[in-house]
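Chain nomenclature is as follows: A, B, C, D, E and F, assigned in order of appearance, with residue numbering initiated at 1 for each chain independently.
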Amino acid sequence: MPRLSEVIAALDTLWPPGHAEEWDAVGTVCGDPDRTVSRVLFAVDPVQEIAEEAVRLGADLLVTHHPLYLRGTTTVFAGTFKGRVVHTLIKNGVALYVAHTNADRADPGVSDALAGALSLRVTGPLVPDPTDQHGRRGLGRLCAVEPALSVRELAALAADRLPGTAQGIRVAGDPDALVRTVAVSGGSGDSLFDDVRAAGVDAFLTADLRHHPVSEAREQGPPALLDAAHWATEWPWCQLAAAQLDQVSERHGWGLRSHVSATVTDPWTAHAAQAPARPAQTVPVPGAAVAAAASDDASGAPN
Amino acid sequence: MPRLSEVIAALDTLWPPGHAEEWDAVGTVCGDPDRTVSRVLFAVDPVQEIAEEAVRLGADLLVTHHPLYLRGTTTVFAGTFKGRVVHTLIKNGVALYVAHTNADRADPGVSDALAGALSLRVTGPLVPDPTDQHGRRGLGRLCAVEPALSVRELAALAADRLPGTAQGIRVAGDPDALVRTVAVSGGSGDSLFDDVRAAGVDAFLTADLRHHPVSEAREQGPPALLDAAHWATEWPWCQLAAAQLDQVSERHGWGLRSHVSATVTDPWTAHAAQAPARPAQTVPVPGAAVAAAASDDASGAPN
Amino acid sequence: MPRLSEVIAALDTLWPPGHAEEWDAVGTVCGDPDRTVSRVLFAVDPVQEIAEEAVRLGADLLVTHHPLYLRGTTTVFAGTFKGRVVHTLIKNGVALYVAHTNADRADPGVSDALAGALSLRVTGPLVPDPTDQHGRRGLGRLCAVEPALSVRELAALAADRLPGTAQGIRVAGDPDALVRTVAVSGGSGDSLFDDVRAAGVDAFLTADLRHHPVSEAREQGPPALLDAAHWATEWPWCQLAAAQLDQVSERHGWGLRSHVSATVTDPWTAHAAQAPARPAQTVPVPGAAVAAAASDDASGAPN
Amino acid sequence: MPRLSEVIAALDTLWPPGHAEEWDAVGTVCGDPDRTVSRVLFAVDPVQEIAEEAVRLGADLLVTHHPLYLRGTTTVFAGTFKGRVVHTLIKNGVALYVAHTNADRADPGVSDALAGALSLRVTGPLVPDPTDQHGRRGLGRLCAVEPALSVRELAALAADRLPGTAQGIRVAGDPDALVRTVAVSGGSGDSLFDDVRAAGVDAFLTADLRHHPVSEAREQGPPALLDAAHWATEWPWCQLAAAQLDQVSERHGWGLRSHVSATVTDPWTAHAAQAPARPAQTVPVPGAAVAAAASDDASGAPN
Amino acid sequence: MPRLSEVIAALDTLWPPGHAEEWDAVGTVCGDPDRTVSRVLFAVDPVQEIAEEAVRLGADLLVTHHPLYLRGTTTVFAGTFKGRVVHTLIKNGVALYVAHTNADRADPGVSDALAGALSLRVTGPLVPDPTDQHGRRGLGRLCAVEPALSVRELAALAADRLPGTAQGIRVAGDPDALVRTVAVSGGSGDSLFDDVRAAGVDAFLTADLRHHPVSEAREQGPPALLDAAHWATEWPWCQLAAAQLDQVSERHGWGLRSHVSATVTDPWTAHAAQAPARPAQTVPVPGAAVAAAASDDASGAPN
Amino acid sequence: MPRLSEVIAALDTLWPPGHAEEWDAVGTVCGDPDRTVSRVLFAVDPVQEIAEEAVRLGADLLVTHHPLYLRGTTTVFAGTFKGRVVHTLIKNGVALYVAHTNADRADPGVSDALAGALSLRVTGPLVPDPTDQHGRRGLGRLCAVEPALSVRELAALAADRLPGTAQGIRVAGDPDALVRTVAVSGGSGDSLFDDVRAAGVDAFLTADLRHHPVSEAREQGPPALLDAAHWATEWPWCQLAAAQLDQVSERHGWGLRSHVSATVTDPWTAHAAQAPARPAQTVPVPGAAVAAAASDDASGAPN
């Protein structure tokens, strides 16, 4: 069985830390380089529930996509929720390794796995990494939709193929527009809007979109936007990453056992749908005179 | 009929520009101070669709909650979508006035209107303005829920009372937990998490929440989080604001006609729900060997 | 007749926006890209008087050298003097286009026009643009004075050939020194002093010079400095630019009518000359005792 | 006879270094604190010509308004013009002391002397120093003009009373407007435009004004602006300061001999007036075709 | 026996974290708030040797003066020496708590302990904390030396009373000068030179002084400087702190066992003295010609 | 005899100012470029004692390694100790020239001289200058120790060969470890620790090391660290530099007389050794109860 330092070297080859963004914090977060590793758990979020799952599973190594400490800390006190994770891992001999924007940029990477989950054919990166002469590394992926789907059908496909979450898929743009090409990006993709527009695709599937960027993007016209749960767009990478490590393990005869966590760490737990275009009731306001005035003079509420 | 400069002075009294955040851009964006005003339209977003609604309505003044230019511009060229709004307004003699974080902080303000829409009893501001000796101005509002509701019931109430949008209401936390007190904040409230926690409320209703802040907030325990469409949480303020201007108009005998736009400018147009905990299919990855490995070795997908 | 977007494309070719300084704000400030253009006015300053001249003239496009908004604005309210300009232009269908430091650097550019106004022979740029393989683009121009003139004569030439202003031409250095080579720079040239010294010319003609830079430059010896009104040094470019657009118009058969504004927008309206070296009278100071002391002990006033 | 350290203490009392702007560099620049002082020269600029005048005069101390090194230096090598001044002073035993923005703010200060030179009655500071309970210290001075003068007459008065320079007095605004109140500020006053406007005066007399601030100020309407040579507006202070030191000397029985330099260190040496509104000649441009086009199509040059 | 959280609360009362410098990182670094504490080790440096001593001793809590992570970290990987400390502590159930600049400022604090070790009478803080109405908190301490000692004798006293290190005590200044008053500061005190000079003391005892600050301080004259090993000046505080916690323990009946580490963590392990003023041999230089020239022309080497 | 400007040109060739660090301040600090130079003094520190030695010697030029003003100054007032140096030099016609980090990087440079003083064989720079194709310029030097010495013997060699100072040589690491390769760096070398570690040498000889960097370096294992007096590590360069200038002088037939100052400007004047591992006495603390508690409960003091 390999030592942790050997497994780290293999992971660093799959997702070179030097390919991460400058502000990112990737690599080994805790663990003893000399301990042996036999069981590995892959997950999106290094939260307490996942740390405990790793302990129950008897894993020696937890690989997550999200950093535990993106910004530096001067304490791992167990009275903080992140420190509690550190104590749980160290006391139980579980190492933690993070592959974040280096996994986003990798070939294959996070967005390849997202495209794969929807059976989309990847045609290249959305933002190519200029140092990759093969033109395959980079942020996001451009995909062909074959045969073409409507925006509504693409959303239904994403809802069907991605792991289920309470949030579902939100759509901005004409639901009946036809999508022949789509850009996909696991996680928060709003910083890529300019690249998406430049790529001329019909739609963009990503997560964590907010009112102002979406509103401004819509004012500028196509493409349509699809917003899934952040966790759901990155979970497929865990399967890809586990498979990649298994290949390495086989090559070296390490006999590692890889697992992908099935725990939903998307924080949304419920959803209340609204009837679109249902009339809002008259709005009571603090102060009766104002309220009265409001109900008389307003031109009518959206419905 | 009053001149625009007189109406501006009245609006500046309702929502003093000096109460806005330092980074904000409030007040008059375009318009001629000497023109008379007889018809006013209130809306959340200064987008092209709203500008054209103002023109069709014959409005002389459009009052929006969101700034057109939050960051400074050196051009209003009509080849840009914001410049198109400026041209539409100026050519048709429609002034634009913005009340943003000064309306958030006002008494009554944006979060009062949001609380009013849900018939919640406001007990005070979430972040009191230290310069207000009455203790009523400030960001967000603390409210009593009487009688108490479960988180699920509160979400259903919000879905019912707020104008309908494709996104609906997302919930993080135990849906069956009881809510006796709730903080509400129109628009993006994630910067207020520390204040919400310090206030010791059972739930927080706001908008535009993203994975990482919500995940970290949930790791720290209560309160539950409810996330509605950004636009929907601020639209009730338009009715309140229109009523406030009507009162001013009556007091001065101006005879203004106030309208609230019923146009939904929330950019989400459709939603595809997911079955929570539905199993994800095996993830095909680029490269057959990896895909094969992935399907063999992964410990199982979330369902 | 061309649409505005076509004329903009032509102007962008003459003075590529990418050649402007990073801090500059050039290009189209207002206007509708789809409107046709038949009459164009060129001027130095986008002030209200010029905007009204454009309206009176029936111009569809105003091209100025100075930006209207060099720093970003969040308002074009007509209660501000710049917003008044924007309203005047938009309401009357006049577009505004700015060519500033990109016109300074162009070949031919602002300093070529200045040199041309004085019949100086341009020998090259003062600060060559390293990306121009022809060695003709850049800031300022180096010129031969043929036959050589005294500094005083060069000032008289500038006074004679540049449009008349109240400020006239100020000279620093020995008026009788001989000038065989001169650097010229339209507008404020004090940031170019090091380049001028390095070029080894006998004189530098520019505008907007202040006490400290001039005093320090003089302490370092030659060259002589000539300071004309900022506006006067840039006005010749309007004629050049109009001629350039006329050529484009002819080539495309657009039939544009180009005009150069004759309005003096230099703000100085009068000048009171002083007898150089005239004795100053005793200076009364607040407080009689001090004044008395002052008049007794001072060694004598300049005359 | 006093030692230099005693004279410095007296000057620090007249113009406390702590009252200077944070960016300023005031106080003693060179000199030996233990040497005795018998003769003092006051001047505006610490240039080589003034240093040599101090040596010829046998002065032990030179007091100037402008700093020699406003920004820090790491060398006083005599191969630089400022280092040459330092060597001249130190080799000849002349100390240098600077009173700059602390003298601007003092009571009486630089602008009092400027007002005194024009026999204007000072009514208070333009920008009062909040730490002065008497309300007399601060930047600039507000003055009554009794009897009222036209702008043109005020400019003529300044031309007559201030030491003569080649630049004379430039005027922006209506020369015939009546001036009952005027703000004055020795040196570069363009940072005070907002205060001047707020003060509601009819005119502002200062120096070193440039095109853009003046143009923008004029677009906003009154007051009129008068621009004299920077040096000329500050020279009257030398007489005031010399008188103040004489008073101190008498009080202590020091027997100091004070002198005010009559050397004109304004760098402008000549001026070529222009006939306002004289027609500019057709502008030859590089490239015959363009020049031809230019002369045909331009609508006419300013005259 | 108390829980860790209770002991932390007591330590936070002795050395309030809010009294630390803004750049400092004090408080709990690792540990589980719910574990009980029975044995505590105090030391200066949180290095591996000390962590292992804590484990051997069976300590539940290690209190150090120096932070483990002064700047934030994103990893505690045991492949780094600091991460190794974290793993050692967490695996063995040892918490780590830091009191750094808050202990420096406390009453009694680090410099009180240093003064006490030399039997100096403390007369007050060197830099009083303005928020302490008793005038006892602050950085450094001013002390009376009774009876007065020479600088040489004071150095000998420090060498005798402080724990022994290879570096010993360095002295700058006249060894025979008399010291009646001395400032002391545990750790690196060079940022306090201005305060020491202002206090007018005869000597300053601190640590970690470097050439340039000492050289510049000596050029300005007294006081003499004494430089001990950084660790040695702070070790006495460990005894003081242990005694303080014992008092708290007694008051609460906690029965804590406090220990002070006797391990020398000063990194210097040996010292080679030099004969002061011993002649240096001729310096061979690379390149024979240069070396020859050097030995001929140099005026003589220090001895 | 050469003029100062000619000698400066020669020194600039030996140590090109462009090779200095960006933050450094090298070159000529004072002096008249036109004066002739016949006698030159080399020293490490430009302090008053050295300036007076230069005057006594009749030197026309003082060359030092350390800058007088590393950060810019706005005054050379003789009431400051650096201004006193400037006055002494200028009054006595002595120029000052600084070669600092450009001399560190030069070939041969400061660390070559240090290596030469210990008869170490230089094998290359520690941090090679990428612009030097010969691979000899750069910071620090790597050296072979032939035959190998123990750390203790190397320290003794340094103590013997470097000019004697009160501080002697401090050693961190195992004194008996064998040293076959050593990095040396004149002056403060703690910023080079990473390079030293990367070079894989057995020891590093430099100066001005402080507790925290040394402690952290030691925690990471070898190499051993040797810390001499800052001044002593740079003094050998003075001999080298004098020899270099002598060569230049001979080549030009200038007849310069070069001298190296034998004055010890290391500020440490005495040293009190400690018996390593001597027991510290019980520490009296302010407050009897605390002191009592301290002496009872502490586990024992280092000895």
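Details
Here is the rule we use: contacts are C-beta pairs under 8 Å (C-beta built on N, C-alpha and C of every residue); 3 or more make two chains touch, one makes a residue touch a chain.
As the structure is a prediction and not an experimental result, all values here were calculated from the model.
Counting steps between touching chains, the shortest path from subunit C to subunit F takes 2. Common neighbours of subunit A and subunit D (chains touching each): not present. Of the two chain pairs shown, E-F and B-C, the one joined by more C-beta contacts is E-F.
Chain centres were defined as the mean of their Cα atoms; on that basis the chain farthest from subunit E turns out to be C.
Between subunit A and subunit B, two chains of identical sequence, the interface residue sets overlap for the most part, with shared numbers making up over half of the total. As a whole-number value, the distance joining the C-alpha centres of subunit A and subunit E reads 48 Å.
One finds 54 Å separating the Cα centroids of subunit B and subunit D.
Not a single residue position of subunit F touches two or more of the other chains. Beginning with subunit D and heading toward subunit F, the contact ring passes through the chains as D, F, E, A, B, C.
Those residues of subunit B lying in contact with subunit C across their complex are 5, 25, 27-33, 67-79, 83, 86-87, 90-91. If you check the complex, the residues on subunit D that touch subunit C are 41, 45, 47-48, 57, 66, 81-82, 108, 112-113, 115-117, 119, 122, 151-152, 155-156, 158-159, 161-175, 187-188, 207-208, 210-212, 214-220, 225, 227, 229-231, 235-236, 238-240, 242-244, 246-247, 250, 257-278, 280-287, 289-303.
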